[in-house]
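In the two assemblies presented below, chain A is common to both, partnered first by chain B and then by chain C.
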Partner chain A sequence: MATFLQLLFTGLGIGAIYALVALGFVLLIRAANVVNFAQGQFAMLGAYFLVIGINVLELPYPVAIVMSVVLMAAFGVIFAGATYWPLRHRGGLPVIISTIGASIFLENTVLVLYGPSPEVLPNLFDSPGIQVGPVFMDSQYLAILVSAVLLVGLQYLIFEKTLLGKKLQATSQDKEMASLLGIPVAGMILFTFAYSSMLGGIAGMLVAPVLFVSVGMGGLIALKAFAANIIGGYGSIPGAILGGLSLGVAETMGASYISVPYKDAFAFAMLLMFLMVRPQGLFGEKISEKA
Partner chain B sequence: MSVNLASARVWRGTPQAIVACAAVIGLALIAPGEGYYLNILMQAATYAIAVSGLVIVLGYCGQISIAQAAFFGIGAYGVAIGTADFGLGFFPAMLCGVGAAGLLGLILGLGSLRLGGHYLAMVTISFQQIMTLFATNWISFTHGPDGIRNIPRPTLWGLSFQNGHAFLALCFVSLVLVTWMVWRLKTGRLGRAMQAVRDNELAAGTCGINVFATKVIAFGMSAVVGGVGGALFAGGFQYISPDQFTFAESIVLLTMALLGGAQSPFGSLVGTMLLVMLPEWLRFLKQVYLAVYGAAVILIMVFLPDGLWGLMLDRVIRRAKPIVGTVAPLPLLSEHGVESDEIVLKVEGLAKHFGGVKALDGVDLAVRRGSVHALIGPNGSGKSTFINVVTGLYKPTSGRVIFMGQDLTQAAPYVRNRAGLARTYQNIRVFRGMTVLENVMVGAERPGNDIAENPAAVVERALAALDFVGLRGDAHKQVGTLSYGHQRYVEIARGLAASPQTLLLDEPAAGLNMTEKHELGELLRRLKGHGMTILIIDHDMNLVEQVADHITVLNFGRRIADGLPNEVLAHPDVIAAYLGEPRNEAA
Partner chain C sequence: MLITRRTALLGTALAAATPLRFAHAEDTIKIGGIAPITGPAAEAGKFMQYGANMALDAINAKGGVLGKKMEWVVEDDATTNPGAVLGFSRLVARGDCVAYTSSIRSTQVNAVAPDVLKLARPVMFGGTDPSLTHAGNPWLFRTRPNDSFSARVIADFGATTLGKKKWVIVHSTDAFGSNGMKALVESLDKLGIKPVLVQGYTNQQTDFTPVVLAVKEAQPDVIGSYFTFENDLGIFARQLRQLGVTVPWVGSPSIINTTSMKLAGPTLWGTYGVADYNQDSSPEARAYFDEYVKRYKVNPDNQSTWLYDALMILAKAMNDAKSTEPQAIRAAILAIKGYKGTEGTYTFDENGDGLRGYNVVRNEKGQVVFDKHIDFAS
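Take a look at the complex of A and B:
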C-alpha cells in the first residue's frame, strides 16, 4: 500500500506535466483548429531557456523562470507566424505537416547549439522533500503539482471570469461571428499560440530538474500529451487534465509493476484501448462535420 | 466506342514500364558493383519504394502516416530474422515481413481511421516509437541494438542476386513496378475513391464510397509497400539495426514525398533522389542538415504545396486537351422516366433532436416515381436537417426512411447511395483536387450503377452527364477553376452520372445570380421532362413553382402543408409561415 501511494504521488507529478502540455495542445485545437505536433518541443525549449538563464547567465531561479516564460510567449507568436499564418486557409493537413517540420527544426537546432549530452539543473528547493505518512513527497514533484493546480486555476479564472476569456471562447466557437462582433480574431489566435507555448515551456521547466534536460525530452512528452488528449476526449479541457494525470499514474504503475524498458509503451497501449472502445474519450463529444 | 481516354485503357503505361525496366537493368549493370556509390543507389531505390507508399496514403488519400520507417523496418526485420533465425529463403522471409507490415497497418488503420485525419498521425507516431522500443529491447527476437549481420541475398529460378549489380537491378525493377502500380492506381477506380475521400469525406460517402474502408485500404497498401522497400533494403545492405528505422527516418521519408510532390509517384521519386543526394551535397552543414530538413518541410508546405513535380506539371506539362467524339445520351433519363404512383422514397414520422432543439419533429413525406417533389419552408424550418437525415449524415432520433422498399433508417450514407439515392449540397462539395471529369466519374462509379465495373463506359457516362449540364468542354479543367455556378452543375452531373433512382437537390439556387438561376430552372425543367425523380429543397418560390409537381412545407420541424403546388401555396398556414400572421384588421 505504501508503495502504491508513493507511486500514485510520483505518477500524478509526471501526469501533471503531460496535462500541462496537453492543455496547450487543446487550446490550439479549440482556438485555431491547429493540431500542433511541436507542442513537446515547446517543453524542451522552455527547459533550455531555463538552462541558459541559470547555468549560463547565472540568474537566480525566479528571474530565470520569468525570463523563460516571457521568451516562450514571444516564441509562440513567432511559431504561429511561421507555421500557421501562411497556411491558415489551406485546411488542417498542411499546418499539421508544417508543425512536424517545426518540431524537427527546433530539436536539431538545439542539438547543434547544445550537443547531445543532457544538461543538469539544480533543484528548485534546498529541502529534498517532506514525509507525509508513508509517502515521501519530493519537493520538485510537489512544485510540479502545486504549479499545475495554480495554472489550471488561473486559466479557469481568465477564461470564465474576464472579458478576454469570453473573447477567446467566442473565437474558438465561431470565428466569423466573433469577428462580426468586433473581436480581433487574429489577435486572439496569436494570444492562444503565445499562451500555449508558455504552458508547454512551463511544463518543460518544471520537469527539467527531475529529468535531465535533453533535446529528445519533448518528443516523448508530446507523445504522452497526445495520448492524454484522446484518452480525455479530443478538444476537451477537463479531458486533457484528467487524461494527462491518469496517463502519468498508469505509466508509473506499469513501469513499477510490469516492466521498466516498456514504460513508454503503456501510453500507447492505453491510447489504442481507448480508440477501440471509447474513441470519444472520457469527456469528448462525438465529432461530426456539418453538412 | 467513340471516346478513348487514357484512364480507361487496360494496358496504359505498360510499354513505358517495360522500357523503364530494361533501362534500369542496364543502369544497374554499368553502375559500380560495390562500395559507396552502390550503397547510395541501393538506398535511393529502396527508400523510393517506401515513399511511394506515402504517395498512396498521404498524396491520394490525405491521411498522415508518420510510421513509414517502422513498416520499412518490419519488412527489413522480416527478411533478417526469417533468414538468420528461421532458415527461410530470402523471398519467403520477405513475404513474412511484408505480410506483418500489412497486417499491423490494417490493425492500426482499423483502430484509428474511423476518426479524423490527425488521429492516424498520432497513432502512427506512437507506433513508430513502440517499434523502436521493441527492436532495441526485445533482444531474444530482434537481436537488440547490435542489429543483424550477414543477411543473405536471394537466388531465384537459377538467377543469382548475390553480386551488387544483380541485386541493384532487382531493387530498380521493383521500384519501376511499384511506381507503375502506384501511378495506375491514381487513375483507377480505387485511386479516385481515395482522392475523393481526401478532398471531401462527406461527399465521398454520399457518392457510394465506403470512406472508412477506403482509408484502411490506402493505409494497408502503404504499409505493404513500405515493407517491400525495407525487405530489399535488408538484402541490399546485408546489415540492419534499430537506429535505421526510427522516427527521424519516418520524417525523412515524409519529407521526400512532400518535396517531390505527394500526389504523384514520379514526384516522390524526384524527392527521394534529391534527399538521398542532398546530405552528400550538404556535407559542409554537418549536423545542421536535420535542422535544414525541418525548415525545408515548412518552406515546402508554404511555397511548394504540390512539390517539385507539381510545380513542373503546372509550368511545363499540364495541358487541358478537349475530348472529341460523341457520347450516347444519359440512359437513366429514359429508363426511369415514367411517372407512376410507385412511392420511391417514403419517410415516416422522422424526428431529429439536437439536445432540446427539435429540428425535425415527426415529418412524413412520400416521393412518387418520375415526379419533382419540393420541400420548402422558412429559414430554420428543418429542411437541411431533413435531407441530411435522409441521406444518412445524421442519425434520426426516431422515424423511418424507406427507399425503394428497403428500410435504410440506420444505413450508412454510402449504402443509401448504392441503393440509388444521390444528392447535391447547399454549400458545394466537389472534390477540389480532381478534374471536372474525375469528379463526375466518381459519381458514375457508384457500386450498383449499371456501368460501374466498365472503365470505358464510366468515362462515357460521365461525359454524357457533363454534356447534359453543358460542361463537356471543361471536362479536363481542375474543378476549382470553375465558377461557383458551374461547380454546382458539376455536382448535379456527378449525381446524374450515378443513374440515381432519386436525386436530392439541397438548395441548388443558393448563391446563384439571376442568369444562373434562370439556367438552373431550364436544367431542372429538362430533367423533369426526362422523368427524373427529384426531391428539391429551396427558398426560391419562383423556381419551385416552375418545376414542382408536389410540395411539402415545413415549419419549426413540422409538416404544415402537403399537396399540389397551387393548393399548398394558397394554404393560409403556408402564407402565414412565409409572410407572418395577418393583423386582425377588424380590431
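Take a look at the complex of A and C:
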C-alpha cells in the first residue's frame, strides 16, 4: 500500500507537469485554432529566463519569477508575429509547420546564446519535502500540483466567466463574425499567444528544479502533454488536466507494476487506446467533427 | 541576364565566403569526427572540442603530422544514432579525411560500425561496450578501457573492499548500459554473488520513482550502476536520497562526470566511481588537468580525455608509419606499446583495445578523490 501511495503521489506530480504544458496547448487551440508544437520550448525558455534571473542577475526567487513571466508574455507576442500572423489566412497546417520550425529555431538559439551546459535551480521551498505517513511528498511536486490547480481555475474563469473569454472564444470560432461584432480580433489573438507563452514558461520554471534546465527539456514533456490533450479531449481545459494526471499516474503505475523499460510505451498505448475507442477523449468533441 | 537585388546579395555573400573556404582548405592532415554539438549531451560535445583543441595544439607545436598541421573536422551527431550515422556519412563524403573519431557512446559507435567497415579507414572511439572491438571490425580502435574491466573493478571494489554481498544493479537499456550490466553480472558471478535485483530503464526519463522503489524494496547493501546520460543520473540520485536509500553506490564513469556532479550535487556525495580518467592517476593525467583547468576554468573528465588520447595516438601512428595509408596507420596503432596517455598506458591488442584498467575514485563533498588504479593483464 505504501508503494502504491508513493507511486500515486509521484504520478500525480508528473501528470501535473504534463497537464500544465497541455493547458498551453488547449489555450491556443481554443482561442486561435493553432496547435503549437513549440509549447515545450516555451517551457524551456521560461526555465532559462529564471536561470538568468537567479544565477546570472542574482535576483531573489520571486522577483526572478515575475521577470521571467513578463518576458515570456512579451515573447509570446513576438512568437505570434513570427509564426502565426504571416500565415493566418493559409489554414492550420502551415501554422503547425511554422511552430515546428520555431521549436527547432528556439532550441538552437538558446544553445548558441547560452551554451550547452545544463543548469540546476533550487526548489521553490527550502525544505526538500514532507513525510506524510509512508509517502514522501517532494515540495516541488507539491508546488506543481498546487500551481496546476490554481492555473486551471484561472483559465476556466477567464474562458467561461469573463467577457474577455467570450471574446477569445468568438475569435476562435469565427474571426470575421467576431470582427463584425466589434471584437478586436488581432488583439485577442496576441493576448492568447502572450498568455499561452506565460503558461508554458511557468510550467518550465516549476519543473526546472526536478528535471534540470537544458535545451532539450521541453521536448521531453511536450509530446506527453500533447497526448494528454488528446486523451482529455481536444481543446478541453478539464480534459487537459485529467488527461495529464491520468497519463502521469498510468505510466508511473505501469512502470512499477509491469515493466520500467516500457514506461513510455504505457503512455502511448493509452493514447492509442483512446484514439481507437474514444477518439473525442474524455471531455472533447470528436476530432473528425472538429476538423 | 537580369541581376536582382537577391542575386547580388547572394553573389556578394559567396564571394566573401570563398577566400575563407580556401584559407580553411590549406594542406592539412584532416581527421573527421562526430560530436554531440546539439542534443542532451551537448555539454559533452563542448568538452570534446576542448580536448581536441589541446591535442591539436600539442601535436602541431611539435611539427604536426608528416610535416603538415593536423586538423579535426567535426560534424554534429545530435546525440542520436541517426545523427551519428548522418554526421559520419557527411565526413566520409568530404573525401579528404585520413582517419576518424567516433563517439564516447557505445550505441552510436554501434550505429556507425557498418559504415566504418565499408570505409576501411581507422576510427578511434570511446564507447565502452566490450563487444564493439570483438565483432570482426578491424578499423575500430578504443581509447578507453572497456566495460569488462569496469565491471570487474566495480564488482571487486564493492564485494571485496567494501565487503558488500547484496547487490542491486541499475542500468540504461541502451547498448552501453545493457552490456555493462551483463559484464557486472558475470563479474559478480565469479565472486559467487547473484544480484537481488537487476533493473533497467530507458534513457531520458522524467521520473525514477518506480526504479527507486524497486531498489528500496530489494533492500540491497550496495548499488552498482551503468547510467548513460547525466540528467538521468541526477534525477535518480535525487529521488534515491529523498526516498531514504543511503547504501553505498559504485557507478560506472558517468557518476563522477563533471556534468553529473554539477546536476546531482550533494546527492552524489559519498558515492564511488570507476573512472578511466583521474588527474592523480599519472603525471600525464596531472599535466593535462593543469593545462585544461588553466585554459577552460573547469575540471576535465573522460569526455575530453578519450578524444585527446585518440588524436595523439593517430598522430603518433601516422608519424611512426610515415604514411596516411589506412593499412599503415592500422599497423602502427596495433604496434603501439607502453604509450603514456591521459587515460592510462596504451598497449593495443589485436582487437583494437588500448587500455585494460580503471581508477577507483570517491566523491568527497563534490571533489573527486583518487583511491587506486587497477590494471588487468587481459
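Descriptive notes on the structure:
Methods note: the second predicted complex is superposed on the first by the 281 of 291 C-alpha atoms of A that agree within 3 Å, B and C clash if a C-alpha of one lies under 4 Å from a C-alpha of the other, contacts with A are read in each partner's own complex, and residues count from 1 in each chain.
Operating definition for what follows: contacts are C-beta pairs under 8 Å (C-beta built on N, C-alpha and C of every residue); 3 or more make two chains touch, one makes a residue touch a chain.
Predicted model only: the values in this text are computed from it and were never measured.
Clashing of chain B with chain C is the outcome of superposition onto chain A.
Look at A:Ser98: by the touch rule set out above, it reaches chain B but stays clear of chain C.
In the superposed model, A:Ile230 makes contact with chain B only, not with chain C.
In the superposition on chain A, A:Pro134 makes contact with neither chain B nor chain C.
In the superposition on chain A, A:Ala82 makes contact with chain B only, while chain C stays out of contact range.
When the shared chain is aligned, chain B and chain C each come close enough to touch A:Asp264. Legend: residue contacts after superposition of the two complexes on their common chain; A:Asn108 is shown touching both chain B and chain C. In the superposition on chain A, A:Pro118 makes contact with chain C only, while chain B stays out of contact range.
More residues of chain A lie in touch with B than with the remaining chain of the pair chain B and chain C.
When the two structures are aligned on the shared chain, A:Met276 is found in touch with chain B, with no touch to chain C.
Legend: residue contacts after superposition of the two complexes on their common chain; A:Arg90 is shown touching chain B, with no touch to chain C. Note on the chain A alignment: of 19-27, 37-45 or 181-189, the part of chain B that runs into chain C is 37-45.
The residues of chain A shared by its contacts with chain B and with chain C are 107-108, 111, 220, 261, 264. By the touch criterion stated above, chain A contacts chain C in their complex at residues 3, 6-7, 10, 13-14, 17, 107-108, 111, 115-118, 120, 128-129, 136, 138, 210-212, 214-216, 220-221, 252, 255-256, 260-261, 263-264. On the chain A side of its complex with chain B, the touching residues are 35, 37, 82-83, 86-87, 90, 92-98, 100-109, 111-112, 219-220, 223, 226-227, 230, 234, 261-262, 264-265, 267-268, 271-272, 275-276, 279, 287-289, 291. Interface residues of chain C facing chain A in the complex, by the touch rule stated above, are 37-40, 42-43, 45-46, 173, 199-202, 204-207, 209-211, 213-214, 217, 230-231, 234-235, 242-244, 259, 262-263, 265.
Across the complex, chain A is touched by residues 62, 64, 66, 111-112, 114-119, 121-123, 125-127, 129-130, 133, 137, 201-202, 247-248, 251, 254-255, 258, 287-288, 290-291, 293-298, 300-302, 305, 384, 388, 393-394, 425 of chain B.
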